[in-house]
Amino acid sequence: MTEIRIGLIGTGGMGKAHATAFHNVPLVFGPEPGRPILEIVADVEAAALEQWAGAFGFARWTTDWRAVVADPAVAVVDITTPNHLHAEMAIAAAQAGKHLYCEKPLATTSADAARIVAAVEQAGVISLVGFNYLRNPAQAFARQLIAAGELGEITLFRGVFDQDFLADPEVPFSWRLDRGLAGTGALGDLGSHTIAFAQVLVGEITEVCGLNATRIHDRVVPAGGSGYAAKAASGAARRAVENEDIAECLVRFANGAVGTIGTSRIGVGRKLALGYEIQGTRGSLVYTQERMNELQLYRHSDPERERGYKTIYIGPEHPGYKAFFGLAGIGLGYNDQKIIEAHALTTAVALGRLVQPDVRFAYQVNKVIDAVDLACQERRWVRVSEFDTAVDQPQ
Amino acid sequence: MTEIRIGLIGTGGMGKAHATAFHNVPLVFGPEPGRPILEIVADVEAAALEQWAGAFGFARWTTDWRAVVADPAVAVVDITTPNHLHAEMAIAAAQAGKHLYCEKPLATTSADAARIVAAVEQAGVISLVGFNYLRNPAQAFARQLIAAGELGEITLFRGVFDQDFLADPEVPFSWRLDRGLAGTGALGDLGSHTIAFAQVLVGEITEVCGLNATRIHDRVVPAGGSGYAAKAASGAARRAVENEDIAECLVRFANGAVGTIGTSRIGVGRKLALGYEIQGTRGSLVYTQERMNELQLYRHSDPERERGYKTIYIGPEHPGYKAFFGLAGIGLGYNDQKIIEAHALTTAVALGRLVQPDVRFAYQVNKVIDAVDLACQERRWVRVSEFDTAVDQPQ
Amino acid sequence: MTEIRIGLIGTGGMGKAHATAFHNVPLVFGPEPGRPILEIVADVEAAALEQWAGAFGFARWTTDWRAVVADPAVAVVDITTPNHLHAEMAIAAAQAGKHLYCEKPLATTSADAARIVAAVEQAGVISLVGFNYLRNPAQAFARQLIAAGELGEITLFRGVFDQDFLADPEVPFSWRLDRGLAGTGALGDLGSHTIAFAQVLVGEITEVCGLNATRIHDRVVPAGGSGYAAKAASGAARRAVENEDIAECLVRFANGAVGTIGTSRIGVGRKLALGYEIQGTRGSLVYTQERMNELQLYRHSDPERERGYKTIYIGPEHPGYKAFFGLAGIGLGYNDQKIIEAHALTTAVALGRLVQPDVRFAYQVNKVIDAVDLACQERRWVRVSEFDTAVDQPQ
Amino acid sequence: MTEIRIGLIGTGGMGKAHATAFHNVPLVFGPEPGRPILEIVADVEAAALEQWAGAFGFARWTTDWRAVVADPAVAVVDITTPNHLHAEMAIAAAQAGKHLYCEKPLATTSADAARIVAAVEQAGVISLVGFNYLRNPAQAFARQLIAAGELGEITLFRGVFDQDFLADPEVPFSWRLDRGLAGTGALGDLGSHTIAFAQVLVGEITEVCGLNATRIHDRVVPAGGSGYAAKAASGAARRAVENEDIAECLVRFANGAVGTIGTSRIGVGRKLALGYEIQGTRGSLVYTQERMNELQLYRHSDPERERGYKTIYIGPEHPGYKAFFGLAGIGLGYNDQKIIEAHALTTAVALGRLVQPDVRFAYQVNKVIDAVDLACQERRWVRVSEFDTAVDQPQ
């Protein structure tokens, strides 16, 4: 059993989620090739950081993220900072020969993502990007079904990700609404997960067209805090929202499938409506994250009088579940997905083998985001390859 | 009580549905301003027609549809023939001063639909187009909610209509696959209903972009019959499918809402998946025709800990239901929608007042269909107004 | 094609439903062995009756129900009067050699039901009792599955029928709450349907235990009207409710299955919650009338990773549906069940063969009701055979 | 912050679950009054135990459970052994002045449970019994609604707990099927959770009647292992199953509510079908553990046209959720319930205050189990008070 020493950068919500996941990997999976060790954590405020490091069991802490990257004890640099900081940190980490674990979206532009891919592949390090929803055993099962041809050829993909945490106009401004810090709005924050689903389950997206809309044009600037529950002082100044609340797009896949991807962060009524419908010539799948323990499967080959969507509860037969429970239908939660993800990382690092979704996969997601964003601006179909860079060249 | 004498053209599935609906109007609604009388029916084959007329209680029959139009006893000409025949018959009927009841889509092109509108409005006759799904009390209730501002401003509409009756490649060729007879494929046949939902519930669609796909390129030519269950002889010739199996489009509404409309006639697993999600700033609605007695309503104004989509079974409080049952949740069926529709027609004719959806509404649907079809061909955003005709001019 | 002349007794809600159903039989089913003719109708108020007879197309009417029974033109006496009147009318009809169509429950006591069975079987006439929910193609399909052993041996039946039309304490007294007129309360009115489901799908119930509760002890006496929507004058007198609002019972079946049957007429939130879960050694079924176009099927023989309840929309493969539509998932409604029932009756009479559920089936339902009612009173297990009568003797 | 030192007895599935939960308490809840320390663990096999203790972070281990009870460092004795061992261990722990954390059911008989209650209350120690499903924020919310009278008076409770892990006759014999080790079958193992729901949400159950059935009469004896996935050698001996596969019962509550509780461990198709329907005079609730993040709420006070069951996703407004996520609908899983439970224990111990569900609550569950079991044997209604013991006397 190899100890995999983690250097975490960022102690926000996702930092906590990563640290918690690492603690649970050995508890859930037992003796495994890799055992995560929480070596060091970095963030900007020293005062809070010391306490945080203690609470989450890190041996050391620093306010200099470069110290994490340079730390000889660290095997994996784990980046959970705001999106616009990912590129610099990830590239530095790769150049220092560290394996990379990074939250999604990989970068705020595909150009930045390409730089990360170049650095990672140049360094030959392992990378994993935190598209945690892909870790649900339901998705691994869906992928198995499709890869084995059980649904025939895919004809149609309709994916969404709606939430309503910004539906209330009184929710104050945050970094998510700032073009410079976040890039696109709902598209990059939420839609990136839907694009990831599309890529994993259907394949490469080749061209897109889209529209977007910002419905709440400005928001009050909060006195402090930037979380979902931040509240603003009365009489506070307002700031213009710089990216979209809603984005909807048409997509064409390399394999001939077509579809739509839609997202809203003001989607009143939707809490975690990340889902898809995938239709194939022999069967179909329907999923929503709000019922993450279920997958709906339809098989056209069933006897005619018995055709219908089947509600399958995930269980030991579906990859990733068995470490948790021996019977189907015992509910997994969001955090369990992160444990499966962290386990995939430590296993890959311990065995020295690549793992998916890596930075190249995430780069492809960033290219689709950029293509949709451009399509919205220029009101035209955009080929994803318009955003190709050097890392797309055959080598 | 006025007798409303009906002259029906077409004895296929929809002809049967109309005749049955007229029989039921007085049984369900009781004494009402208008009482339908099945006066005369026309179709092409004399032999079958006589029996059909007897079975459905028509006093007379003819193989000359123009005789129906010219018949002085007839007050309403009811057209249930294939789509490409609507225009000629409807115009003739209007010019003869007959009220018009016509199946959807109104025409195979918006240009033809415009000619019908011109004739109907010139003649000053009443018209009703058979978008029967709009007759579900659930839709009248949805419309009330939206019109009263209960959902706030609509931000997003996602509508679909998928069926899988053409998913099997062995289903033979039919008129629905023939550009000349049917116009577009899934878009006009199925998507027209979704567009109608969008128009009624959200408002005027102003511009669209789209994509389409034909996945089953040719089909065997049947020996006879053209219904859903037609079977082909072995060794029969094959014919190229001339319109799309799948169409997906982006839409912008005059009121600022955006959305998508999608349809597939090879949508494996979907039986009558005509549905929508409508998100507003204060609430949202979700509907699917597969559960036609239910409407899902979310109100953002509910107490925070009690927010959720509510499953409302249609009942006496929802327009059109009370004539059937005194308690909510006693199921209505497809045919009941047609009875409500036929009752709306006879009531309108008896009282001499206009009714919706009329030919102008249906013309607008045809324009959206044409706009999406052009957008697909030319790979660009198309304004619906590109299909404006003389009937769109202010008068 | 034989004309089957109907003599209807009772013009309330169910009288209207029967008359409407007979009108629709030829429209839906086309040329069939039997064609219903609405010959004569009887009720107590002459004034309203004449208009009613005209509206529903009856050739003649009478205020003397015995005139219907004696009428030589009448082939079928159709009884839709309050439950306590069924026995006298049904026996008279059978003795006059008329076939019998009677609403459920067949009688207010199993003793009365036994007298009907004796008369009907003595006369050798055909009988059909209006357990209309059994006519849903979903139930015929469920029965096929079970009869063919597709679910293995049935281990458990849980059935319910809840509605909330009496949940509001302000709903006035009606005949349904009068022991003399209605017999038991929710048990006979609603639970009889659940018992009928149990008998058809699982088999004979042999013993029961139960409890019941009356939660709203008295209600105001209405000025007039007795329908669901009757309203009382302010200051009106109150009358004690004489039968139960809620009944729950344990049941044992002859084949070893066990289960529960529950019903409430004050079941707040439930509109037409007539449903069941049936578990067998090889598979299970779940149904609720609120979604009457769906049946949930689970097969234990499915591959382990694909086991789940399948939502099957009823379609042409399920008995009774094809006459309506050629594709699955086009919704049937409550009234369509009654059309299927009326068709079953006229077909049976035309062909001179017995049909189910007949009076003996309904007698068995009445015995179970009596057994549950006794079990509740005496707080003990009761064998259904305690209510055996002469008609249960082998002949 | 007080350190709460835990002495765990039992390293099976629940032992792992408890240890994991304790690790997560500080990670999820942050700085809290009590911080669990895994002090010592006991089980029977020394070899496996050392490794297990290391894996789950226990400082020490022992094969003598009495050493745990006697250990001066231990504040809480945590019992996760088979049910028949609970009583001796729990009593010893209480007598040693240890606080008690014990898995459900508390004992195999209510007499044993009474002895535990006496010991715990005599010692004045804090106790918590692991009815983990009660820890779902959905249940805390349901309890708030009912306690505040939001549903009015409860009229009806229907509860179930079905699983199908014993549906396959080839699953071998295990301690769960042994009367001596497990007591009752499905009733105690599964139904105890449903009874706990009933007690918490509706109140005290006063009398019961029931039936049970054993459908798979004997099973093969496994070569080794006793988990859900244990497999038997071919040709192995068979052993008679000693307790019931299915139990269904009628219940009356002290407050006048009535209902049913049903359970099957051979419930083909059901994975974790622990659920209830609770009807009150002003509203109703529906829940199933298979969709543990949702609660269905119906309010009779809603405007008539908007009445329906609302699907509420648990969120920060519901007790226990906020420590996990700031937004509603981010899924909790089974293990998260156990973390909330462990946190409740450590908080109670740190603050020195009682917590629910304690051993007296669990004793009441055991009495209901015994009453149902007796009712099944003697085929009669049984008052729960027939199982009263000295601990039920007023003091």
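Every chain is named by a letter (A, B, C and D) in the order it is written, and numbering of its residues begins at 1.
Just so we're on the same page, a residue touches a chain if its C-beta (ideal position, glycine included) is under 8 Å from a C-beta of that chain, and two chains touch if they have at least 3 such contacts.
The structure displayed is predicted, hence computed values, not measured ones.
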(request) Could you let me know which interface, B-D or A-D, is made of more C-beta pairs in contact? (result) A-D
(request) Among all other chains, pick the one whose mean CA position is farthest from the mean CA position of chain A. (result) C
(request) Just give me the whole-number Å value for how far the CA centre of chain B lies from that of chain D. (result) 55
(message) Distance between chain C and chain D based on Cα centroids, please, to the nearest Å.
(response) 42
(request) Please compute the C-alpha centroid of chain A, do the same for chain D, then give the distance between them in whole Å. (result) 36
(message) Residues touching two or more other chains, restricted to chain C: which are they?
(response) 307, 309, 313, 315, 328
(request) Please give the residue numbers of chain B that touch chain D in the complex, ascending. (result) 141, 297, 302, 304-313, 315, 317-318, 328
(message) Which stretch or stretches of chain B touch chain C in the complex?
(response) 13, 16, 19-20, 23-24, 26-28, 30-31, 55-56, 163, 165, 227-229, 271-272, 289-294, 313, 315-316, 324-336
(message) List the residues on chain D that touch chain C in their complex, please.
(response) 153, 155-156, 158, 160, 162, 164, 167-168, 209-213, 215, 245-246, 248-250, 252, 256, 258-260, 262, 264, 266-270, 279-284, 298, 300, 307-309, 379-381
